[in-house]
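Each of the next two complexes has chain A plus one other chain: chain B in the first, chain C in the second.
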Partner chain A sequence: MKSASDFPTINAKIPDGLKEDGSKYRVLLVDDSIFVKKQLQQMLLSQDYEVVDTAADGEEAVAKYKQHYPNIDLVTMDITMPKMDGLTALEQIIEFDRSAKVVMISALGKEELVKKALLLGARNFIIKPLDRVKVLERLASVVKR
Partner chain B sequence: MRVEYINPFVESAMSVLKSTVSENVKRGTPKLSTSINNIQGVAIIVGLAGQVSGRVVLDMSEETALNVASSMNGERLDSLDELVSATLTELGNMITGNAITKLHELGFKFDLTPPALFVGDNLRLTDNKIEALVVPLELEEGNLCINVAIKENIYK
Partner chain C sequence: MSDFIDEELLKEWFEEAYDLIDKIEESLLVLESNTSDTEAIDSLFRAAHTLKGGSATVQFLEISHFTHTMEDAMDEIRNGAVQVSSVIVDVLLRALDIIKEMVAARAQNNVYSEDFDDTLNELKKIAEHSIEESPKKKTAKKVPVIEKKEEPAVESSVFEFGEYDLMEIKQSNTEHLPIYQVTVDFNEDNPMRTVGGIQVFTSLRDAGNVLKTVPDFDSLYSDDFYQTVIYIVATSESKEKLQQITELPDMTKKIDVIPFDIDIPEQEYSEAEITPEPESKKADIKDMLSMYIQNVPEETPIEKAKPIKEVKHNQEEAPKKNPVPTAKETKNVTSSVLRVDSSRIDELLNLVSEIVINKATFNQLAIKYYESIEQFSTMINAFKDKDKHFSGLLTHNTLNNNIDNLKNEYQKDIADFTTQFDSFLIGYKDIVEKFRSTSQSLDRISSDLREGVMRVRMIQIKQVFSRFPRLVRDLSRDLHKEIDLVMEGEETEVDKAMLDDLSDPLIHMIRNAVDHGMETPEERLAAGKSVPGIVKLKAANEGNLISIYISDDGRGINPESVRKKAIERKIISADKQLSEQDTFALLFEPGFSTANQITSVSGRGVGLDVVKKNIEKMSGTVRITSVPGEGTTFVIKLPLTLAIIQGLMVRVQSEIYVLPISSVIESIRISPKDIKSIDNYEVINVRNEVLSLLRLSRLFNLKKSEDLESYFVVIVGINDKKMGLLVDSLIGEEDIVIKPLKDKYTTTPGIAGATVLGDGTVSLILDVSQIVELGLKQEQENQQNRKNNSNRRN
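Up next, the complex of A and B:
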């Protein structure tokens, strides 16, 4: 009897987190909730992304982006956070690196907030609660563009 | 109290609980509450301010809180530690965040305070001159109540 390994490559899906050369997309994960961090981390790791670092507020996010630059492919950014909010952090990251790929993740989906984030340079906007399939789809569409 | 303000919170609670905790969520009979409410062991409180003022409280027993947090994390959690607290406040955040997104679409503008978590026995909540609507929600994980009190601000 044939097993799955007899048909190795045709339909084998390459995990979203891998680049064409086989290396991993590197993600900076920004959220002040350890629950959301854990949830996102599990989703990302399941698709072979590498979480290079995490930050719990906007200030830390900007500092860590600069610290790891240019070895970051994607930032997931919460909005409501202490010290500095996610929109301000987004603005500062884009100011530092115009090609930064930042995806906002928030429980608030008010139209003016989404518009503002996209105007400031966010590549996408994901509204919580996080649906694993949708999150991975959105993130993949951003990193692979 | 206008029902337009209340429904989005209850609907949002139902849909967030369904997608993050368990498929089977039943809505019990709502009741209008007097000024003093007894709170079960764990309460998540989010304040509302802007065109209206008020607050939303989600309360449950400690056992239910642990069951809910366990389901949301996909692993058994047995004490009200940092992860459980973060999970429960995130639950409050998602429910109220989604509700005010809907309310904004309907033209009601107000904002939220970050969720606060209260834990203790014999907690009582007193609202001064705001009527509260309490809706019990039944899950496999246990029962919880969403308690919404809102009043319109007359000044513009």
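Up next, the complex of A and C:
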């Protein structure tokens, strides 16, 4: 006999943004697209993450990271952005904080840049268009590891 | 050994693999008829061993794993622990089929993906002596089982690194951390799947040192997707932790983490050393070492002292690389490789050096010709001067007084000129003579060269024939028939290009012989014939042609039943009179089948027409002779080569076409009034034989030109069909080098290829068999159109 709890609900699949002590994981969103930022923000807030700040280009991202350090648990970083691209920003953030957890946001077809980013120290990547479940799974796998 | 595998090496590997597969098959068939043939058993083992080693070198892991298991099984057979039985031969043949498909898949840049666990388990059973009905099951000779302590699932996925790789791994593990082999299966459905290899790499890098990956890092970084990647990681993390950090949602499918201990094989080895038959033990390190040795002929210093002895032993056993110096029929990646006897290349080199000398002679002659012209123009100038001089004298009044002087002077000068001219002529004749002989020798050299190059392309037909014993064996087993295959003339040489295309038609005809031609043993006994029946495959050089005979001593073909069927199928009309030969030719018509029942072997009557088409594509012919009750013979006749043909060049208006001389019967000159029209066909009468006539100008839609007083008709024939081709004039015979046409033109019917003529113009080579077909059709249509038009006008 199967009880109701044997059947996972949709929400049960998606990990939340809470630490073991119950506080929220703090995220810095970096993307030049307002739409993507908003979309990501909604996803994160729905799972109890805290969005500390947002940035629209690489330079701003590095500055904001330093400004909030060490109160940032995760950075989502777009690859193609004006002024300074995501890879350079990633490099500078890692240089500043070796344990920084950065997840790249990439469009399809940019495999090479993603590989570069991973080798530079990015923890994972998510693909645009953003799939809610996959994004949250990946982000959780990074912060909770 | 570097991770980089260059194409040359791959080609070599494919060559060798096909060779070894053939060898395994051959030995297995020998073994089937004589289960205690130790030579066959040894050769089997060696071939499997070499194949395994080679596959690991080129990193075709699935092949090396599979052949490894096969080798294990064969090893047990070789040391006498397992007695060969037909069951075992069957398993081995099945395993061989899988290897064939694995190799074929690799040749297509794929990886074999079918499930082969059943066969693998059966092989393992042989190795473990647990396959049923082996009489000497547990003999005293049985080797103590000290092998694999790991569970089989893990064992099968241990990747065998070469000795160098092992050393490299060992040395790069500077912190002496535990080493794991992480084997990751990636999800091919992930849109960013090519990133996976690197992503796992970075995760593992965070957890420890990635010492090595297969494929190598550069490959992972490239745009290619690798389904399975092996990471060798030195880490202080636990196996479970590694498993966990490797796992990436929807990127990784299956992860296998196993301890990778370089020293374990060594321990196994020393245990094996104590056993009475150490060479039969397959301690992993030994395999790795011997594999390495096989691929690097020079013996390299090896870390451990003990294994060297063993290695030497194995080296002796290992067959020399490329043991057969003949070229091999291959596919895809390998198709461009041709193995040539070096003496043939030497011959060519000789000829080339002769050409160089020849060229030097021509250069000298050119200088001499130039000098001659200089000399000649000097003489002419002198002559002109004299002419002026004498004309001047003649117009002056002094003529009367000095007539005698003038006469003398004139005679002297003329005599001078005559001597000069004579000596010039002698010198010039010399030069011309020299030119002629040099050009003659060039002619000889170039024809020798042509023959030499042709011979380079020649390959023994054995390479196609060699697969037929297996085919006949399998077929006769499936159909419950008893058949001996006899092969003759396997050393007959065939153009490589043809060899590749010959295989399918031959397979089809052999299937036919076995399926339709041959009776069951009961039928044969009832008919007073011997059992087993005989299928004979014979190749022979006959003049300028190669003949291949496929004959069986089976039930033969009844011409009457062929005829009936043809009428039934509306291939011929009921009142059509046909010779026996023409009746058998009906079998090659599309959609014809004489077998009453459709069997899985010979198909459904599709095929013989395709066979015929394929053979005609090679400018060959095929015919059948058969005597009911006694058997059937297919005869294929092929030209020696496809690259160069003897061609008859003909002119049609401004175009020059080439007709292969092999299909030309004769040529005659006619005048337009000789062309008669019968039943809407244009025909001519040649020695009381009426031949339909086809105007090439009409066939190729050339513009109409003025009518000529006379035309030439080239009479061509293919498979007993004759036809006259109307051309404007004949140019002559010539050796024609066939250049294939680009794909989009090859579909143009009636054209077999192109050639470049002496003056650089391109001329089309006609496909006579197609033209004969096409011509009849088009003539009919055209005449129908003309008739319709004229009807309309009326």
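A few comments on the model shown:
As a convention for this text, the second predicted complex is superposed on the first by the 128 of 145 C-alpha atoms of A that agree within 3 Å, B and C clash if a C-alpha of one lies under 4 Å from a C-alpha of the other, contacts with A are read in each partner's own complex, and residues count from 1 in each chain.
Everything that follows uses one rule, which is that contacts are C-beta pairs under 8 Å (C-beta built on N, C-alpha and C of every residue); 3 or more make two chains touch, one makes a residue touch a chain.
Fair warning: this is a prediction, and the values are worked out from it, not measured in the lab.
In the superposition on chain A, A:T80 contacts chain B only, with no contact to chain C. In the overlay built on the shared chain, the residue A:H68 is in contact with neither chain B nor chain C. Once the two complexes are laid over each other on the shared chain, residue contacts for A:K24 go to neither chain B nor chain C. In the superposition on chain A, A:R145 makes contact with chain C only, not with chain B.
After overlaying the two complexes on the shared chain, residue contacts for A:E111 are found with chain B and with chain C alike.
Of the two partner chains, chain C is the only one that A:F125 touches; chain B does not reach it.
Looking at the shared chain after the overlay, A:K134 reaches chain C, while chain B stays out of its contact range.
In the superposition on chain A, contact is made by A:S33 with chain B only, not with chain C. Taken together, the two complexes place residues 106, 108, 111-112, 127 of chain A in contact with chain B and also with chain C. Contacts from chain A toward chain C in the complex involve residues 106, 108, 111-112, 114-115, 118-119, 121-122, 124-125, 127, 134, 137-138, 141, 145.
On the chain B side of its complex with chain A, the touching residues are 16, 19-20, 72-73, 82-83, 86-87, 89-90, 93-94, 96-98, 100-101, 104-105, 112, 114. The residues of chain A lying in touch with chain B in their complex are 33-36, 38-39, 80, 106-112, 127-129, 131. Chain C meets chain A in the complex at residues 191-192, 194-195, 198-199, 201-202, 221, 223, 245, 248-250.
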